[in-house]
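There are two complexes below, and they share chain A, which is joined by chain B in the first and by chain C in the second.
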Partner chain A sequence: MKSILRGAVAALALTAAGSVAQAADLKACFVYVGPVGDFGWSYQHDQGRLAVEEHFGDRVETAYLESVPEGPDAERAIERFARDGCGLIFTTSFGYMNPTIKVAKKFPDVKFEHATGYKTADNVATYNSKFHEGRYIIGQIAAKQSKTGVAGYIASFPIPEVVSGINAFMLGAQSINPDFKLKVVWVNTWFDPGKEADAAKALIDQGADIITQHTDSTAPLQVAQERGVHGFGQASDMINFAKDAQYTAIIDDWAPYYIERVQEVLDGKWHSHSAWDGISEGHVVMAPYTNLPDDVVEMAKATEAKIKGGWEPFTGPITKQDGTEAAADGVRLEDGAILGMNWYVKGIDDKLPQ
Partner chain B sequence: MFEAVLLTVITAATPLLIAAVGELVVERSGVLNLGVEGMMIMGAVVGFAVANQTGSGSLGVVAAIVAGMAMSALFGFLVLILVTNQVASGLALTILGLGLSGMIGEAFIGVPGLRLPELYIPVLSEIPFVGPVFFQQDALVYVSFLLVGAVSYMLFKTRAGLILRAVGDNHVSAHALGYSVVRVRFMATLFGGACAGLAGAYMSLAYTPQWVENMTAGRGWIALALVVFASWLPFRVVAGAYLFGAVTVLTFHAQAQGLGIPSQFLSSLPYLATIAVLVLISANRRLTLVNTPACLGKPFVPDR
Partner chain C sequence: MRIELVKRKEHSGVMALLSPVIAVGSTLIAAALIFTLTGKDPALGLYKFFIEPLTDTWSLQEIVVKATPLVLIACGLAVCYLSNNWNIGAEGQFVFGAICGSFLPILIPDFANGATLPLMLVFGALGGAAWGLIPALLKTRFNTNEILTSLMLVYVAGLLLDYLVRGPWRDPGGYNFPESLIFSDAATLPVIGDGRMSISAPIAVLVVIVLAVVLAKTLKGFEIRVMGESPRAGSFAGFSSKRLTIFAFALAGALAGLAGTMEVSGSLNQLLPTISPGYGFTAIIVAFLGRLNPIGILIAGFVLALSYIGGEAVQASMGVSDKITSVIQGLLLFFVLACDTFILYRLRFVKSRKSAGVPEASHV
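Entry: the complex of A and B
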């Protein structure tokens, strides 16, 4: 009964999002997994959309649908956009991958951009950011700053993007303290402030004095602030919620990419590709380092500079959790191996959900 | 350690408890209001906004209660006066609440909130273990327990409660006896709205003091399920809410301990537990029927 009701709610929500008559050269449409007000993932994508509007003015019209569930509902939402005259559709969550591909087959003239996925087609490009670069840096900071030597990681779903983030964090931490411990809690949701807060409390109660998250709300950082431990902002700068607790935040800045791709469609130069940019290109930005001693800030900035110089955090020696070698000394993991990562590095105190 | 777990469980269970007790009264009067989620989220946003503007948590709580009541008054007008379909109206109320709250709350995204202070009850709060868990909570936790006691007393020990249950069980007879079915139901609906608003305020002022869209994340629906789970008995709602909160929190602890149980299974545990208890309770059909309001969800039009 409940799921039927939810379905009805979703269906109504979809029909409620109306469309406006078209006058612009291009209509760019965005599908978000969370509400635009989550102050995390979807919020940042919407900031990118607003940047597009500002940059192109009347030439480009934008539209968005928020809180679209991953799965069959997403297909309807995407198809609706395609029928409504959207020339370029950004689907901004991993779970929209198959729906995007499916709808793209039906609408060969519409261009699709799917975030964080790995399936492309002639009219489907993928784009992603190297969040793991930022996670390596915060791992280093965590190991420097932790007194208990234990960090807590609030994770959403066991998909490669999240797993590689955990691994990068751990590699960063191990580069400072080889015995560093990491506790992982999977909350199986992208957005539920209450659950995220509960998970943060559980981790702190079990000895973690650094909290980091791959979920979208500010709740964990707020708990860190209350309990007097520290943490990192996710997706946007969350310093307002945790003045004393936030060391830095990994900010997703989608604006440059969105503007670039919209421009390419307007110029007729759009091609399908798999974009994957990070700190060097300004798609991943570290928020100002706060509440940290100078030497740690310097270390973080040095790592940032190293990454800008072309260094990849997933450079060997890397040992998997089961003891086998993932990359030999000095060997850099291939992009595909990072984008499809389904194993933990050695030292993580958790079993990866399969 | 145990103490810490218990504290987390209390905060996780309190919003469910408050919202469910309110809905219990509504359903006891024979009205099914599926709009709990919508009223809760409105309580959350209005409570946050007012607390943020005035700097007073108490004013925020009061405003949240009023917001919940306003939503439920709209619902009451629709289903009791205009006699619209209760299920559809309740769903509409949820959708309205989610949308409207997003609009009202736009200005408050990314604004840090205000946390309700904890009330330390003198002497009692000094007792080791018992003190921190039971006597150092924010006011709303105490309110939630007082609420359960008061509702239970009202329903089963007072004349007003008897009338309320009569209206819920057989509105035709209650009407024939001279009670105003619509008025009783309207009052009950308003009470349910007030509780949902209060539960929302707990979310945005105590649980996670911030405003983000959709922050109740389905807790209104859980509260609805808890009412059935409790077979419409107030004290069982406490058991249900705390069981749900406890299982949720313990799954996180189990994971942090590295017990190696699949997290997807752990995440589904609270729901599995709910289903298991529902099956157990409904096994005794006779007892279930005794407590189920016989006129639940049925419209009533006074014949004069």
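Entry: the complex of A and C
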């Protein structure tokens, strides 16, 4: 009797093993805050997902949920993936932080990667990119190209990542033109083409002839194209939406990171960490410089090279808006100060929402 | 040739019962068609969308979690709509209720004992009621349009919440990110089962039962219905339409505020800039789908929640776009309303223009 049972168990185990061998080695799942068709933030993450599929072929299966609002629905979306057998889950918006941590507690064997947050656990890593490096470069270009000396900035939420982007842009601009003006409009959304376009129009009407954005749609650039001013693509190369208006774009290239982390899970070498890489590591890429004179392109490339050489845009002297010193001459801001930034640099024509 | 809708003299009782069935059937056919057109297996799609969520305890619990605030808010809205008070601002009452319910765990986190949760729920309900009373008083005092004022207050409440979590109520240890601190266990609703379902679900069912009895069996229920259908007749009976407006808005606000507090305490555990994916607006659909009847609302809330969970299931497992799932949700509502229309009206094809203008014809 015992031997029959043992035989049955062995047969079951065999069939189970057989079915596992047929399936992929790992299911990697992605939760997006916007639609994959935003041609910005979520689109770039999805490009990373597609790169994972292409790189690993049948070994890795992927799935995604798009337009998952930050809030009560996020936890359900993440838990669904954890239950559906995903071994690695990327949650790609700041607002997914606490839901990710909560679900991770329930599923200790599943690995989680949360973008742009600050909470980690044994099975939760965070990753982010030094977008502010690209912002410094486009700030320099803006100051070189602007005739009115005023740029408009469409900002999403006053979280440190966005604030440090505004400051880096301003520092870049001031390195060319110390009197450069920057107007900021807060739209309180990551993706709302209508609102973003309205903000762009308002900024142009206030004299801005350079538009830049920390929101995810192509609408501001399309407005720039219509109104004959210029701007920069956000997250993705948006040149197809603004052939004459885009100078360059700060591209978030998540593919190398996603491939690396999937590989580590496959090899059993995945560990939690807080990744924060930029232009040097190829996680932030500048789109081809277009509609620009040669000397400006050369300047931009020189700054890119300087950053690749280890230079940090947040190097003093940096003065805060209230006149106090943030960093003395030659002193580099600490990573923590950049990641938790809640003050403006001097010269920005806006009061930071507090 | 043109098509007219003609009011039926008698309504078929059989069809009234069959209409939801026909509506769901039509939705299934249309959804199968959409799946086929987008190159997905229609049988698998329908199974994942409508059946699979009902077969698994986790997704069943998630449906209940999603339906709970919708049902609670819709119950209050039903009282408003039955009594001819057009409260469109439940979303704002939900948010303001959540703010009032949260000040205790955020501002006095050390006050953590058995009284914390009951107090939070009471404050939440009072806050929601207070927010609902603003359009009610504006209506009874100054005869303002409550549709406009209640809707506008949604944005006021949203911006107030936004201000609080970015400013005074921001978690001091949160790197300046716009979130409040996480509630203590004493401020968290007890969970039932192994998922995220909390005691808010039985509370919602209790509200449904109480409201069903009140509407069907009590003088107050009679007053609500009479004042909605014929305020003049009601005033002869000594009912005051102003008092009823205040009562309906306060009740709807209290239920929305309670739902908001329970959502924050039971599901989010903290205040965030957005705490509702539009519950207050979706609840309007739930109220009407449930024909302003508490039991109907319970069913409608469950069906609508199923369509959300099922929609996510087909997205996650079959790679269907979220646009397709919203189209299917929209179709479900469309067919329900269309079937209802045909209970009250019949189609008539009119050959030429001359025969038009029949007195009983009514155009919709």
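The working rule: the second predicted complex is superposed on the first by the 332 of 354 C-alpha atoms of A that agree within 3 Å, B and C clash if a C-alpha of one lies under 4 Å from a C-alpha of the other, contacts with A are read in each partner's own complex, and residues count from 1 in each chain.
Convention: a residue touches a chain if its C-beta (ideal position, glycine included) is under 8 Å from a C-beta of that chain, and two chains touch if they have at least 3 such contacts.
Every value quoted in this text rests on a predicted model; they were computed, and no experiment measured them.
Once chain A is used to superpose the two complexes, chain B occupies space that clashes with chain C.
Of the two partner chains, chain B is the only one that A:D38 touches; chain C does not reach it. In the superposition on chain A, A:A63 makes contact with chain C only, while chain B stays out of contact range. By the touch criterion defined above, A:P353 lies against chain B and chain C together after alignment on the C-alpha atoms of chain A. In the superposed pair of complexes, A:F241 makes contact with chain B only, with no contact to chain C.
Looking at the shared chain after the overlay, A:K183 reaches chain B, while chain C stays out of its contact range.
After overlaying the two complexes on the shared chain, residue contacts for A:F94 are found with chain C alone; chain B is out of touch.
With both structures placed on the common chain, the touch criterion links A:L50 to neither chain B nor chain C. Once chain A of one complex is fitted onto chain A of the other, the partner contacts of A:Y118 are limited to chain C, with no touch recorded for chain B. Chain A has more of its residues touched by B than by the other of chain B and chain C. Once the two structures sit on top of each other via chain A, chain C runs into chain B at 271-279, and not at any other stretch of 109-117, 235-243, 253-261 or 271-279. Contacts of chain A with chain B, set against its contacts with chain C after fitting on chain A, overlap at residues 35, 67, 158, 188, 353-354. Of all the residues in chain A, the ones that touch chain B in their complex are 2, 5-6, 8-9, 12-13, 16, 34-39, 43, 67, 152, 158, 183-189, 191-195, 197-199, 201-203, 205-206, 208, 217-219, 222, 226, 236, 240-241, 349-351, 353-354. Partner chain C is touched in their complex by these residues of chain A: 29, 35, 63-67, 69-73, 75-77, 79-81, 83-84, 94-95, 98, 118, 157-160, 188, 339-342, 353-354. Looking at the complex, you find that chain B touches chain A at residues 1, 4-5, 8, 11-12, 15, 34, 91, 94-95, 99, 102, 105-106, 109-112, 115, 203, 207-215, 217-219, 221, 225, 248-249, 252-253, 255-258, 260, 262-264, 266-267.
On chain C, the positions that touch chain A within their shared complex are 58, 62, 65-66, 162, 166-167, 175-179, 182, 196, 263, 267-270, 272-277, 309, 312-313, 315-317, 319, 321-323.
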